[in-house]
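In this document, chain identifiers A, B and C correspond to the written order of the chains, with residue numbering beginning at 1 in each.
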């Protein structure tokens, strides 16, 4: 049963449309990559899916029910978002931030129960931030803060996770850690995951399916081998490239063509 | 040749300094109440007053024909309101003053900072009159009379004022302290502002046979509500401000925490006219007599009321 | 309700125990802090009743207070003026200082949390300027109906109108962008302040009254004022306390807060309205006392951290304590005259900020 369905939506700021005529599906247990040049609408789509940005046309449904029909809290329990540059207050501790993820379950006046604390701990362990639990965010590095945000989202126990360029500021080993973590959870908990990535190779290696955007419309939607082709890259990115299958798993690998190097 | 050039240069440099010395202001012949030395040449014929108190003094000395400018608050005598206005309270129109070409301006202490220096730069003689006691008022009246060639008028006015003052003071001077009444003079109610030692009103209270409960304070100060109640005034005077609707007076009458004071128990709360008590002018002696009769109804005054 | 139920069905682990323990200890510490601060507040309030232009012994103060309790009979052996000074002058004054201090402390913490800005204070979006304009207009108008409540009423209305104007100017469709709110508040506040300055200048003889009001004083506090201000301030503070957790969540940016289920616009509106209400109620009677709203939340944060569930109640208690002490100082420094309490809080404020700047290594905000 389709988890999240997007039907023919249009999105924009003021009168300027960024995305139009967009339709796709997210299934549980599937990791979908959202790729395309900067400004093609990746962030706007993620905002629309979490109802932060209102659609100008079309409809988004979760479990068959229109997003607008969900109460704020219920939506927060179902969908978790890891934004691109999340603001994080310097003076809160890691544990306090991760516990904020329990907000949709706690209402306003209930204290955190030991169950909530246990879950927060688990989230911190999975993201490797448990050892930092009482450190203040101001003392952490960019990568550590990113993992804290992911832990916070995990604490929400969502069924859908949306991530906007979560690996942008990380070293290659951390990038792999995070993506391994996300993919593992995707499989383990049967989550529907949509991850916006700018690195085509990471997208190819990790995602079950890719959606390639060009100027606010879907240019291609399919498995990595179908979407990442030299022709598609040329059409969307206007760049000559070489696409070869990875020697170990045959997934497409993108290399810069020497023609582009001047 | 070189020597000549040197001497020439020295002369060029020194001469302007000597000339400067010569145009420096000479010592004046009058000292005003701000300690300024002012040169008054001849008898002033065009007088401007920058305070209602000064206007009243001018009229009292018969100098009104020479009065060419007043403030918007100068309302006594009524004729003063016909004169051209050059200022309000602290807002003074320097241009207007200069245009009227006065040869004497009578100012107040509030004009010290900007108005007086501005007038000095225009070479207009300014005298500031500040009278914190009745005695000082008398001497200031004499001063104005002397400057303006009205010594006789000044003497006779001062004589009459001094007689009236002495009539009152003579009766109260010999009163023992327990016969004198504790007086509280309110100038504003929120918080309670009163007048302490070194003010004209304090002088009045003493001469009127009162004991100012704020005598241990200096000048205009606030007083704690508690302290007023502790000191239990027997008579309360309330100054209503210009144009006020008696807010302070009504407050004192109605504040429940004052009801236990002797003044309110005996209904000895009096509203005082700001035009009389706010001005250090001859009418202040009217005020003295009014105050004396409020405090000691048995006191005889000779003044016109 | 379908949840993914990630892993709640396991037993506790070693590291988890550390978190649990810390959480429990923190909760106890906070509870004790609130109780301790409350007790300190009551004790100091009673002690301060003995101080004034005449010092009244604690025993007498105690007896006077007890005599007002029902079912208690005490031999009344104190002079009538003493009793009246304690219950008629000092007690309402201390209560007023406490209530206003609590209001300003909580409002300051709320504004700092809403705007996510350590320099925010309750007067940021025009409350003080609106109240000042209302009050100064009240001084000029010759109307005497409502007696001594005329000026507080105008001040209150002025505050509410000013903030409403700022809100309407800053509102963008259905949202209330925080930066626009600050800019509008500063601009309109400046405009109102200049009009107030002009009125002060032309007020001539009322200038005393206006300037004293602006600086802030408790000298004329009475039971009627306490009875009028207390309900507004109590209700406002309770509403804000209820929103403590959403305020925590809003320390992330507004998008993340929304994604966590907080109705961001509604929360902003309610918190803004409540803190404006309590500030206006405090300020309209006693004038615009500065620095309490900005010092107290910072001081509380230094010791207890940024969690609003402890920050807000302690800001109320600490604010009350500060203003009661400042007011006591105001009437004991130069008796029998008073140093306006706004001047004392300003004197405390400047060095406080210098100390704060030097300790910034500890990342106070």
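Definition applied: a contact is a pair of C-beta atoms (placed from the backbone, for glycine too) under 8 Å apart; a residue touches a chain by one contact, two chains touch by 3 or more.
From a predicted model like this one, the values you see are computed outputs, not experimental measurements.
Q: May I ask you to sort the chain touch graph into line, ring, star, complete or other?
A: Graph shape here is a line: each chain touches the next, no loop.
Q: Grab the C-alpha centre of each chain and report whichever is closest to the global C-alpha centre.
A: Central chain: C.
Q: Quick one: chain B and chain C, Cα centre-to-centre, how many Å?
A: Using C-alpha averages as centres, the distance is 44 Å.
Q: Quick check: how many Å separate the C-alpha centres of chain A and chain B?
A: Chain A and chain B have C-alpha centres separated by 81 Å.
Q: Quick check on chain A: which residues sit in contact with 2+ other chains?
A: none
Q: Inside the complex, what are the residues of chain B that reach chain C?
A: Spelled out, the residues of chain B in touch with chain C are 88-91, 188-193, 216-217, 221-227, 229-230, 232, 241-245, 247, 250-251, 254, 256-257, 260, 274.
Q: Flag every residue of chain C that touches chain B in the complex, lowest number first.
A: Those residues of chain C that touch chain B are 52-54, 80-81, 84-85, 88-90, 142-144, 147-148, 201, 204-206, 208-209, 212-213, 217, 219-220, 222, 331, 335-338.
Q: Which residues, counting only chain C, touch chain A once they are in their complex?
A: 1-8, 10, 12-13, 15-16, 18-20, 22-23, 27, 116, 242-246, 248-249, 251-253, 255-256, 258-263, 301, 305-307, 363-365
Q: Where on chain A is chain C touching in the complex?
A: For this pair, the touching residues of chain A are 47, 50-52, 72-81, 83, 86-92, 95-97, 100-101, 103-104, 106, 108-109, 111-112, 114-115, 117-123, 125, 130, 133-134, 136, 138-139, 154, 156-159, 189-191.
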